[in-house]
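Reviewing the structure listed below.
A, B, C, D, E and F label the chains in the order they appear, each numbered from 1.
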């Protein structure tokens, strides 16, 4: 079985990092097909970059989805998530969606620690759209950049742990998500310094993908996530135009 | 003064229809610059088409926004709205946003009549994101297509009026928005058959644009809609890449 | 065309101040008919004063509404707003209602800076009744009194700017409304000191009135804001009794 | 001890009816002082009438409150309730407020059966302002008028019972309030025909008043319901002007 | 008439304290039947203890309810409340339920001061389930233990007063509930030091019980709180098994 | 690794049915330890039965949890869920919790089809407590009993399919959960007759348990689900008393 891992930003190093972190989690017989966005911003840290990434994500699916058994939309904030769920015949899991649902089983209220201050309001909106707004304690945007982590991992860990402890105490969070592809694999090193569970968003998403693989739900033929009606288009990648024309 | 009218689908006839309906509303000294999406679906009636349209809308702004004084995002459902508000230094008004805010001053609860059944859940989500979910009585998706309107306008009017009356009585709507570029100008003909105010979304958006033109607010230099940090990109239209790199 | 400007408190100087600020905004052919409440508190800074002002506002409409084309209820907090919308055959715009709807197009979350600490809970309730409670960042009640502004305008501006900056940073407000007739015209002087848009409530209300004038909606003949059934009364001003008896 | 019973409409017969129904409930040593609104509509069945009644209610308190130990605002919809709570030094209980809080202890979700179709949206707003919007199953506005009840009581009972049963089954209401002064005393006759508890709003309010009398809470000296700051006024009844000037 | 007072923890001293505090409130002809939980934790300060207490409370009713006219579930947090309302043919009042509804008539927003930090999230959930989540300003868990109160009552009063003042100012609470059987009778001594009303939860619950006694509502024969269908069981107290088998 | 499967009702046949359905899902090296409630109702179809089951569930954990790696609370409605999450050092998954979170990834709005009409309001409350109330389309309580299924499986399947289709169309549900231990394994047979995904609650819970096993989160040492403070008790099973005394 094959999982299409879509990194909808355009930085291949981030895709590679996730592939590295996820490899040990793959059961026998399950392979990853990692794909980086063909166009868009290097990193997604604004509404504009996220809007572009929604398009890039569905193009990636149109281009590479054939023969895959599930889609893992691997950008914390999940640009294009509902469009993919509508368009794909296979299960689609978003990294932020899966992380928040996982956090909701571990605590009454959870927080997100991530990088990029513009993500504060964007993630509040995203979590509210999941219906979990009332269970979100806070979004702390103090994470180091990938470059900073590489340069001085110990300081990065200390900084992240401090942010987790802060939101646990100040906001009453019973669990904290380390959100973002760039933080892949750090939760395990942060956990010893924090009193409440620390969740790695990359791994939480992967667990949800594997669970969905084990029980692929029927594609609905009615309702919100049924295939959309065929529609002509112009100016799109050939694969995307084809899928819109004959979903 | 110049208003950039962005139709983010790729059907130029719809852009032309709106231009025709809006022309009489333009005060002296105000011009429209109508732009059709460069890429994307012919009509926007799915989440996938809307995701692409969000990208098309900000590219249209990057390409044509220079020298304009306001942006009118003229697709009912407002794909890319918040990204445009973030990116543009001039006021940005969405057609659905403006229509819902206008309806909210005319009734405790309002409904939307529009075409395309997939818009039902999509508009419920959109109105909820405005904070007005509790004031939305219903979304009725029974509108005729543009082709049908052209072929038999009287039947179309009768059909729309029936939908408006239905939601007024059944759902307690005190006002009804005829939502969608394709319904531009029909509200005046539907109104005589309906007991509550019928709002033309294309005209309601235009009134909000003109109000904003009269009092252009300062571009925030902090907060959600401040310009985003510069970011490199790949594979984008030159104008859009430039605006992301030097917002 | 004529706009009935109702100041529902009983201080004629406030009515005159608004008239002065609004005069430059009036298009050719549009006149203001400013009216001060016939009875009630000098200023409205309590629930009791607001309850009386609701009655005064509808009496003012009954007395002076004939021949007018729109009503501008010009007290931030909008006492009697829904009763006026029900009773009047012409558009009715409330100052707080219009300001909040305008702010909602400029920021995800907005704050209100106004005078009179009792307005804190009263405005929270008002904004919640609009459905926009989730988008209200805070109500800061630190504004100077009209007398203080007159005595030392520069200090007043500094004080207001400080309150705006405080709520922008502390509460994450992306726009701030300077709420209240007494603050008419100050937003332009406060704006240079604040990073997010500062909205003058008196001018925002006026823009909404002008937009409504341009497109006077049909009076509903059913639903919440249809004319109420005729009812006898006792002890009321003759004009108000007449309008209740034959709406 | 003395209870000021304020009927804020101007129909003395309704005041008298409530007095008759409440007399048997009065413990020894507790007297009613029934007061009818000095001005306003005969019945309150519109927002306009309710706005006037808010003023009438606080004037009634200003005129007759001296020497009383509690205020019973006895109009279902409670015009002027929060203003009275602010202004009075003694407990103030609203008829709809008390009925809804009582219903909330008897069922997960409750309905209101009352007269006057305009009360539908008005009561939805009122119950939402209590915070109990999520527990309101429905407002059924099918009650007979007082005149109809007098003419043919048996038909009225049958009609009310039918409305109660309808909302219990259709809307899942676990309790039903018969709301309104005009329905005083009918719940006992309706109850045998209905499977869920039927609550008389007039009696439920009285029970809350008696409970408050038994334990008169301290008047807050800070917060929302503390006395407002003194304020001058014009055109008001002398007693009301006095209480505003020296609360 | 007889009130079954259920203390669902297993500390008889707490039952006795409540009996002492409530005795002066009993009208002539009304007696208390105080019962302590047969099994469970000494104090209820965790979800586990509360889950057990829900069972203990309904067993207490099954064992002692015969011949009683109302049930007073006297643990702040009301374990088993809805099950008792379903199972009993007589009115059931919960201490926290009644206190919150009483507080809601005295302030727009109220706080709870109680002991045991785990009650913070538990009470937030409880108040939300009442529908009053939006009116809860805060839960302050700083109360002294019963033992501490006994040892040094004056310090305890000072500590509680400080918590009440803190939440009034910091959180804008217009009333404060002293929640918990262990704090019975202290509100009167705390009140003089606090600017907003201080409510004794034990007494507030009792007032609601007395109000219900005066007007015992019909047991619903349909809906949520109708008797459940008969069901066999195993391993339960004989009285509880009997009531489940023949409700 | 070992999963403690708690069936908190007292019908061993239901436990056995779940064991049978789940066996094929168990990966190599993972065993089930199925436990039936020691006391309580035969089936859980009332609030009273659910209250008792909360106690039975935590006793089952105290008695059998030693040596297990995860707890599966396998009653749709999850009695005692939060108490178990607090008390256990290993992951705890509730059947309804896991099913609702799974449904939330497959549809914007989902419904529950289950048996026992009293579960309607109980599940509405449960889903609201998860924060997903806004995504619950409906609870349909039309399921056949286990006995009926055994007697005539084809009719049962037809009945369930009809309920699923009804709620998909009437309520706009994009996915339907077949909720309840008694319906274990039927979803696969119902799915072919329904246009939207049909989710087996027993299997959905199991998938969540397996996902948790793969990544056992650290037990929090602070916050809501940290171990509670030690507390003495009386009248409890020895194992439960011990765990409360030394959590």
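Basically, a residue touches a chain if its C-beta (ideal position, glycine included) is under 8 Å from a C-beta of that chain, and two chains touch if they have at least 3 such contacts.
Since the model is a prediction, treat every value here as computed from it, not as a measurement.
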Just going by residue numbers, which of D-E, B-C or E-F has an interface where over half the contact pairs are the same as at A-B?
-> E-F
Select the chain at the greatest separation from subunit F, using centres from the mean of Cα atoms.
-> C
Centre distance in Å when subunit C and subunit F are each reduced to the mean of their C-alpha atoms | 53
Which integer distance in Å separates the CA centroid of subunit A from that of subunit E?
-> 45
Of all residues in subunit F, the ones touching two or more other chains | 82, 85, 108-109, 121, 125, 172, 224
Show which residues of subunit F lie in contact with subunit E when the two form their complex.
-> 10, 38-43, 45-52, 54-55, 57-58, 80, 82-83, 85-87, 118, 121, 125, 129, 224, 228-229, 231-236, 240, 244
Would you tell me which residues of subunit B are touching subunit C in their complex?
-> 25, 82, 85, 93, 97-98, 101-102, 104-109, 130-135, 168-169, 172-175, 191, 195-199, 203, 207-208, 210-212, 214-215, 217-218, 220-226
